[in-house]
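Chain lettering (A, B and C) follows the sequence in which the chains are written, and residue indices restart at 1 in each chain.
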Amino acid sequence: MSYLQGLNLRGGYGGAEILHGCSIGVDRGEIAVIVGPNGAGKSTAMNALLGMLNLTEGRVELDGEDITTISTQERVKRGIAFVPQTENVFGSMTVQENLEMGAYLRRDDFTSTMDQVFELFPALVEKRRRPASELSGGQRQQVAVGRALMTNPTVLMLDEPTAGVSPIVMDELFDRIIEIKKAGIAILMVEQNARQALNIADRGFVLVTGENRHTDTGQALLADPEVRRSFLGG
Amino acid sequence: MTDFINAFVLLSNFVIIPALSLGSQLALGALGVTLVFGVLRFANFAHGDLMAFGTMIAIFITWWFQSLGIGFGPLPTALLALPFAIAVTALLTIGTDRLVYRYYRRVGSAPVIFVVASVGVMFMLNGIVRIFIGPDDRRFADGERFIVHARTFRETTGLAEGLTFKLTQGITIIVAVVVTIALFWFLQRTRMGKAMRAYSDNEKLSRFSGIDPDRVVLVTWIIAASLATIAGVLYGLDRSFKPFTYFQLLLPIFAAAIVGGIGQPVGAIIGGYIVAFTEIGVTYAYRKFFIYLLPESFEPSGLAQLVATEYKFAVSFVILVLVLLVRPTGLMRGKVI
Amino acid sequence: MNQSARAVTAFAVMAALLAAVGFGQSWSVALVIMNLCLISSVMAMGLNIQWGYAGLFNAGVMGFAALGGASAVLVSHPPVTQAWAAGGLDLLIGVALFVVIVAAGFFVRNRLPAGQFQRVFMIVVVLVGYWVGRGFFASAVDAIESVDPVRTGFLGGLGLPIIFSWLVGGLFAGGVAWLIGRIALGLRADYFAIATLGISEIVVALLRNEDWLTRGVKNVTGLSRPVPFEINLQNSDWFVRMIERFNARTLAVAPDVDRQQMLTQLVIEGSGIFVKLCYLGLFLAVTLLILGLCVRALNSPWGRMMRAIRDSEDAAAAMGKDIVYRQRQVFILGSAIIGVAGAMLTTLDGQFTPSSYVPLRFTFLIWVMVIVGGSGNNLGSVLGGFVIWFVWVQAEPASQFVLSNIASWFGEGSGFAQWLLDAAPHMRLLLMGLILLLVLRFSPRGILPEYVRETR
């Protein structure tokens, strides 16, 4: 029984079924990583949890409550934040405005949250009045994560946050994600860089053709010879 | 020296002041087009007729006020009617969105379908305006006519050239400045304004941030209606109201929006003035201007007019075509293409 | 209901409507409407090639129709020799100079090393050339326009039979479309729409103001005809005899004293109808010819490729199709057809009036025809041309009738009644918008939907 979980999910975008009954879950203060080959339905599984998919079967629960049928926007209101893989910042708006937009739904004073984001990503402080499109790839990713954190979420979902950034930036970003986890947020990531991601994961899901192939702790999956051979390149 | 001042007064009278006032009207129109484009992502062919509709309502309210004996002192009564006209026009835009555009948004139609729909709305508005007020020319400006009168100016300054500054031109420029500042304040400083920019920038991400698309669209239509009505009333006060002219205004307004970079409010304003200044600047006969400035032997023999006045209207398209050729995204790097 | 049954029904209803006008109002009116329906159909087919086949939003239909109209003048009007003598040479020099400038401009651009010098030199060449050329041009224009300005004041045309202009109009429109295509194709759809809208306004502005070419707003009237004039028919024996035989029964029962007068009356009426029938025959031939060609083109590999490009530019590009080249091709073809229709219209009118070209009637109305008829379906466009033109023409008397009845309840003199009567002519605009919106929303594929072959 996890904080956020999708059980036995089946469905796809149009006619074709992409998920054939996979189950994914994450608890607060935990990092869960979805890995697997291309076309395994990793991002689709995440979209199912966000309510952007037509599910034919299965259910999604948040904190024990069934949220299978409610809209994406309502899920955002209930504390699920999402960082898309691409186009995840408002390019024409400043860093600060990006963060403010993250807090759009909040009616309380969110300055302390913003201070926390700037603490987490100090590099953004001096760029706060610059348009997000002018930042480097890594910093843009920081803005994207920061925007998501501004909603004060209980769950943070990231779709391939390290796609296209350098290894140094990736390590840095993973460090930050571990810090976010320590604040008691549930983190669910889809990752291409499976080895590094499983390294920091409390839970790992290896998806193949829309089904769970292996499910275990990150360390156990890294140690599993079959997983190593098939998915981690030896 | 006097020659120099005379030349400047001449130029102000026939080029600078009229162009500033026309530019302000076009800029307000282009702002409406550009906002609709930025948020709803289609070129609204009905904008000219929307301006005509708003102006028509303002004229009706003005007539009503006049019949009640309500005036605005030296200012035109139409300014008093403006807020009411804006309210009615906003109801119209919200209504058309509900009945027409919302459906295509829901089913995710291509932008070009929205354009075709806006052609339908254009036809209907065209008909409505002509049915209610008729196709003829209407003048509805009252109050004072001049801030500076040519004769008074000549008498006070002793210059050979007179300067006319009509009250409607003054109002146009002031209102345009005030409205623009208010709009920019709204877009840059308020929560809703920022949400609009966010939605225009990245619709999907704005949904993940909890921004309600329906609200953004609603506010956009209200602003578009306000801008169209204000631009239309100012244009009508300055010149006169005729439905067909307003339909034709669509073209310079599109030109202004594209020249500036569509989807970019700053661009719309710059574009408005560029179109107005070129239109008036190239069709003005500079003969007298050069006579003041140049020594006698260099005086031009002809009118010293770059383009015949009949082509005033075509000028904005030539600018448009040039921009499309050289820099399709416009001066401010609009979002298209 | 299957495709062909649907088409047959639709055209049958249309024919019934026209027959109703024939019996109810008069056959002359019905024939006038029918002729314009055919011209509208041709225009709609031209636009359909662009929009229905290739997804190009051409908002400049008016410009191509006007070019076709101008070609009718330039082909059929007899040359004005005095005007040629007065300004022909200067005009030719002016035109030649413009050509030289353009060539020089290209030479500077292509042959000189790029950089600041090249740019400055090019501007100098163009400006100097413009001033010199304009000098010749202006004096030529003055000379031409002062030749008998009340009757001519322009160069006139070639003095050929006007029917040639239908072809020339197509060539004109196609040529201008080639030029526009070079500028505007490849832009996003609504940009393309705005660009073509603007260019069509420029075209009409030129035709309105270049008096030496088309007499501008002074109009050119009394163009020659491909069919006989009524007055000649009335004076020719064979026609009178034909009418006599045609109405033999009516004439037989008429009293002797009235017979001659009655015959004259019948001949006058008959001559009008005969002329309209001649036009009808010509227009019908053109419509059928173009329809046949369009249908063949659509079902050819070329047509399939065009639709593939329309449906997914990316996929078609990935298959190695040169999208912009193909779109230019289709844009030129469609515009040429619109040009043909424009020339036909001016031929029918017998006069060229540049100020009558307004976008609502010549661009957006054609759009309504294509959308209502069924985008992508040629037969649909023909039907759309008929239906929409019919509604456009008949909406006015119909709303006049309805509104005057309503007005009579309020009493003849009342202000409201007067307002209602004044509103009648504008009802059709409202109606057109409503039809377009309703079809777009509830039947977006039109009356005759595009025919999609499922398997091959």
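Keep this in mind: a residue touches a chain if its C-beta (ideal position, glycine included) is under 8 Å from a C-beta of that chain, and two chains touch if they have at least 3 such contacts.
Computed from a prediction, not measured in an experiment: that's the story for all the values here.
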Discussion item. Can you tell me, using the touch rule above, whether these chains form a line, ring, star, complete graph or other shape?
Written reply: line
Worksheet entry | Far-end chain from chain A, centres as C-alpha averages | C
Fill in: Centre-of-Cα separation between chain C and chain A, whole angstrom
59
Worksheet item: What whole-Å value do you get for the distance between chain A and chain B if each is reduced to the mean of its CA atoms?
Response: 46
Response to the item:
Here the gap between chain B and chain C, centre to centre from mean Cα coordinates and rounded to Å, is 32
Worksheet, complete the sentence: Residues of chain A that touch at least two other chains are none
Worksheet item: What residues on chain B touch chain C, complex-wise?
Response: 42-43, 45, 100, 103, 110-113, 115-117, 119-128, 130-132, 134-135, 244, 247, 251, 254-255, 258, 308, 310-311, 313-314, 316-318, 320-321, 324-325, 328, 336-337
Worksheet entry | Contacting residues of chain C [partner chain B, same complex] | 55, 57, 183-184, 187-191, 193-195, 197-199, 201-202, 205-206, 208-209, 358-360, 364, 367-368, 371, 422-423, 426-434, 436-437, 440-441, 444
Worksheet item: Where on chain A is chain B touching in the complex?
Response: 72-73, 76-77, 81-82, 84, 87-93, 97, 100-102, 104-105, 147-148, 151
Worksheet, complete the sentence: chain B residues touching chain A in their complex are 191, 194-195, 197-198, 201-202, 204-212
